[in-house]
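In what comes next, chain A is part of two complexes: it sits with chain B in the first one and with chain C in the second one.
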Partner chain A sequence: MNIQTTKRMTAAEVALVEAYTEQVGDLPGDASVTSTRDRLLDDIKNTGLPTRRVESWHYTDLRTLLRSVPAPVAAAPSLETIAPLVDGSKVLPVLQGSASASASVEGVEVSSFADALLSGAAASGLMALDRDDAIGKINGSLVRDGYALAVPAGAEIETPIELQALHGAGQVHTRFPAVFGAGSKATIIERHRSATGEAALVSSISDVTLEDGADVVWVIMQEQGADDTHLGQIRVRFGADAKLKLFVVNAGGKLVRQELRIDVEGEGSELTLRGVNLLGHETHTDVTLVLGHNVPHTNSTEIIRNVVFDRARGVFQGMIRVAPDAQKTDAKMACNTLLLTDDGEFSVKPELEIFADDVICGHGATVADIDDNHLYYLKSRGIPENKARAMLVNAFVAEVVEELEDEKLVEALESVISAWLEKHA
Partner chain B sequence: MLEIKNLHARIAEDGTEIIRGLNLTVKPGEVAAIMGPNGSGKSTLSYILSGREDYEVTEGDILYNGESILELDPAERASKGIFLAFQYPVEIPGVATMQFLKIAMNEQRKARGEEELTTPDFMRRVKEAAGELKIDPAMLRRPLNVGFSGGEKKRAEILQMALLEPKLCILDETDSGLDIDALKIVADGVNALKSPDRAVIVITHYQRLLEYIVPDSVHVLYKGQVIRSGSKDLALELEANGYADIIGEAA
Partner chain C sequence: MPAVQETIDQVRGIDIDQYKYGFETIIEVDKAPKGLSEDIIRFISAKKQEPDWMLEWRLDAYRRWLTMEEPTWARVDYPKIDFNDIYYYAAPKNVTGPTSLDEVDPELLKTYEKLGIPLREQEILAGVKTSKVAVDAVFDSVSVVTTFKKELQKAGVIFMSISEAIREHPDLIKKYLGSVVPTTDNYYATLNAAVFTDGSFVFVPKGVRCPMELSTYFRINEKNTGQFERTLIIAEEGAYVSYLEGCTAPQRDENQLHAAVVELVALDDAEIKYSTVQNWFPGDAQGKGGIYNFVTKRGDCRGHRSKISWTQVETGSAITWKYPSCILRGDDSRGEFYSIAVSNGHQQIDSGTKMIHLGKNTSSRIISKGISAGRSQNTYRGQVSIHRRAENARNFTNCDSLLIGDKCGAHTVPYIEVKNASGQVEHEATTSKISEDQKFYVMQRGIPEEEAIALIVNGFVKDVIQELPMEFAVEAQKLIGISLEGSVG
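And now, the complex of A and B:
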């Protein structure tokens, strides 16, 4: 990558470096954290943001797409928490990237990520996952805060916990390490939302460890503003017999990349991934999954549903790697797109790398418009065209939402989805 | 109530002419049976009446209560009281049956300038109508027509008809795929809707259905035209002798 060092830096790259140099004395961290930050930033300086030549960024040329990066805002705007997505949830607020010192959840150890930076405990986790992990690099160099959650072994946390990340203009870089002890149960809602509509750059990494037998529902609800860039990543490690339902909804943002980096390292574990991408206007949204089935006897299903309006562009990259000794892996992936305009676009890149011989792995992708027969049927019952279309689009995504089973959660997601569709249809 | 005058229609996509100068009049309160061999245009006629956009009317007119409906889309025709019970109702995953029924009823009411139904009122109506058609409440909790058996789909069509209270009911081979018990239930459902201000058009291949829904008139369709009209005895004659004689006479 020597060629890239001679490239002129883009405005966004310059702004990222400046954001770092301006804040360097102020970003929390001990010496080890600071030196890790330095290294990550040097890396950004030297290699630049990834371009289409980098395979994992081929459909989302970040260097070209990220035109500008707003400067960090020194004085945080006054933001207030909003009602949780699911009634009765325990809200852990992250306002303009800062955790609340007084936040707590009964039965869960909650601490601020800034503390882990200050003590140096967070240093090793700050490293990027690999050479092309641009989100890891940006976030690792600039992260200020977030929450560290630890659910003790055997604890069953009935109340959903909402990580409520709200922001105004500027930059927000957060991290949420979460450890779910053996046999524990919990529901986490990671919610990203613009409070003011002013342009922001948001990066956020959730670092999730499921110990043996943990049973977790994790929802990522991304409702950023029309001018926001959202760079999200969730890293997941599975223990034996652990279960995760991971639900990702993208319903906002101008430039969005949500990475799911999942390693299944415990036998008997089960991943259910469901994604809904609601894409409108001139936006770019990328969901990239890298899933490693690394041990025998693990299951996963992945269903992504996309609705594309206007001139929106979407990307789903789904890489499933089955390690040589990961026999009896059962993995099924599907990506279905409802393309409602001629100017919309959706790119799907499923990849299966299978090194074991006794596995069931499959993938399928469809792209279609609304079925005319369905539309005619609804209209023939007196439902006007617009309403009938909205019903069918809703139905297309409702199918996967209903799989969540938790009625309150289903209702909450459905109301976000129908509100979005009402605005865009 | 319905007056079809010299109707010519073709498939929009490839221009194939299916209806070729069809004339038919149905009065309020009348039950009209339309029979005819395969490919004579029976189902096409039902689609055209409902306003399906896959067909183009090239000549003639369809008057409903004295007004042409050719320019109306299917939803507008439905809210004016035209209902087609489909031969093959489509399955629509993700659309809950109850939600669909409520939206359809209320959209029609809105279009007619009537008050929307309250939820309790809606529930009561569905419960009553479903009970009469012996529809399992579990069926109504499923997505629209998804996983319904052939018979269940037909019953669901009649349930919709009962709830929407149309003025012109068109039944497209509602008897196909029904066993004799289901056929009786469906026929009872249709007969219960008969009234002096409501007309029913029954499209069928067989006399069997007409034993339960007794027609006032029978019309034989062949190559897109009505080639013979008569009383209910005409259906018996067809059952005994087939279409060959009548087609021969017309030719």
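And now, the complex of A and C:
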């Protein structure tokens, strides 16, 4: 049935199309980029935003949940960069979706993504990953700027690089392609934050390539405002023996979808994914992982910890796909949730899709409130209940943060987490 | 990589003509023409001497079915089914009221004998005096004989074919039929509501513990007859019943469709235990033929402290699409699901369960063991849902997959939805192959490889086998062995 074509467009869909038609002359890009943008927008027009009938959006019916989309703001608000998450980091500011022309980092090739759009170099990467890739379509048609990073082979960048994306009201669509050369080392902090608290629609895609032997720490810190919609995506391709520690923190936003699309295509490579989702108020936050182990001898571990307060709704979908012939894959995934209120909810769909036999794959998922025994233990030592609860919640998420070996980074993340918990508990 | 050589041997070894029950019974059959229309439904209803309201119920379902779409979300792949190329009614001819086994067509009895169905339960269970099995044997859509009817009657238990029940107990049918799986539920359940030809009806009245295990052996026999069974089991307050369902089917070239519906209703303090051994023809070595098994099974723990337990051993069928579920409506009710799904050759299994927690203090337990070999695809798909008002709900899920050979696939798709903080949900799943260490450990004690693997597989599924009634446990273990022959060592 042609359910999609007969549907009337929702307000959000209309707003997206309008945002495009209003800006079309103004969006950077050569002919190839423009035609790609056109196609992506047509796709949104024809199929609409995904509904719960689309399996990968089952728990996040974007069509229903995305009620309104603020119009793009013509004049960018004046925004100032803030202190980096980790002291001493090199900050690459993206204010209201625009990169700074003068930004540079020693030892790293930094250019603005708008340049890649203007030259047409970015055209091929703009395509959506698949027909359900709504984030790819929205971002691809409306993206304006961002940074393209290239870390040369063998380079070891000691200072963390912070991609600091700040915004006010309106729409922000950014992209961060990053290539880490063979044997290079770097730490990237991708930070999304509302500067004014006014409602905005943010879409951002990081397109990460790890060449052979690269060793990268990538942190996504999402602290959007209570009225913001954040559609984030990170795409990762692994070379042989490459290592990635990916750390995702969600601590804000009204409607959040973080997609992690990871393809392990190099033998001997290793992914460590850790996630902390702090959900409060009326947020709907969805972390969706699609991890393909496509070659033999690769490892991955994923641990996601969620804390649900108030009327928040959380989703974790984690699909691990082991391709035929990807023997000796070792993949372990865990998703643990503390559901602290009866008004909140959490849905988990950890999926295993395995086509090779000599593998060790497993997943575990738990959802529960704080253990009464734990609480009793602390209370019997004279700690008041609310404090005891706070300690237990803190310990629950701190455990995964501590796995990041970088002390400064651990401290920085812990301080964000405790500040958030203090505000909500 | 050791896996490669192993696989070559395994795939070569898989010649699924090992299906042992591939014979055919030649008896006259009374059947309706191929195809589906309102006339066919009227024909079926008339044949069954059904009252008008039943015909209306069927026609209503049929009209709705016409507007529905075939589901495509399951991880199974098969050519489109032509629903007009199927016989919807076939009944063994000399069916006019046999009162004892002696009057039954000897051809039929021979078939059962070959299958080893315990029609003469004393012979089968010689020496086990306390355990009795009543068989309502379904032979191509019509219950031919029902034993033990009298003893059951004494206890007040009603155990008869659903067609009889529609005639004799219309009040119970009207009250319960379609109350768990509504006619609008899903494509195949709706089709079943329109055309179901037979099945079992069990009613265990208040406070009665059914004196024996009830059992139905399904057997698809006539070429191209889809079997549309409808089973309805009701356990009133404090009642208990254990029901066994076992299946075999003769070898065929053409695919056969089986779309059954099973409804269980447990009232306060009642308990229903439903066990299945499914061993239908899985198709040949090329993946040709085999049964399509699209079943809707659902239990409703309607009363407080009620319990429903599903145990299944799935070794047959080309395609299985089956999710025995529990709706835990009553407070303190409990649902259980124990499953072994073995796939070999080109079989495709997409099976699992749903545990819907609605009442307070409800608990559920899911143990699923999948074994895939050959070129088969074996998917566990399950849902655990804790609703807003389900205080103190508890779920434990464990699904393990074992892979034998590197051409097969094992998939796990659990959906976990929690809306109440007092709920406690645990889920764990693992996928691996039999480790060389395990095999070595057993073999170095002088046990040949094939037996070693069989032993390890038996250990892998032990948790579920233990849940089967004694009569079934033995058969189940044998079946798993037969299904994996040629693929294990």
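Going forward, the second predicted complex is superposed on the first by the 424 of 425 C-alpha atoms of A that agree within 3 Å, B and C clash if a C-alpha of one lies under 4 Å from a C-alpha of the other, contacts with A are read in each partner's own complex, and residues count from 1 in each chain.
Please note the rule applied: a residue touches a chain if its C-beta (ideal position, glycine included) is under 8 Å from a C-beta of that chain, and two chains touch if they have at least 3 such contacts.
Everything numeric here is computed off the predicted structure, so don't read it as measured data.
When both complexes are overlaid on chain A, the residue A:E18 reaches neither chain B nor chain C.
Once chain A of one complex is fitted onto chain A of the other, the partner contacts of A:Y376 are limited to chain B, with no touch recorded for chain C.
Once chain A of one complex is fitted onto chain A of the other, the partner contacts of A:E403 are absent, as it touches neither chain B nor chain C.
In the superposition on chain A, A:C361 makes contact with chain C only, not with chain B.
In the superposed model, A:E385 makes contact with chain B only, not with chain C.
In the superposition on chain A, contact of A:N394 is made with chain B only, not with chain C. Once the two structures are superposed, chain B and chain C can be ranked by residues of chain A touched, with C on top. Overlap of the chain B and chain C interfaces on chain A: none, as no residue is touched by both.
The residues of chain A lying in touch with chain B in their complex are 371-374, 376-385, 387-388, 391-392, 394-399. Across the complex, chain C is touched by residues 1, 55, 58, 296, 324-325, 327, 337, 339-342, 344-369 of chain A. Listing the residues of chain B that touch chain A in their complex gives 50-54, 73-75, 77-79, 83-84, 86, 89-90, 92-95, 100, 103-104, 107-108, 111, 143, 160, 164. Contacts from chain C toward chain A in the complex involve residues 1-3, 7, 69, 73, 386, 388, 401, 403-433.
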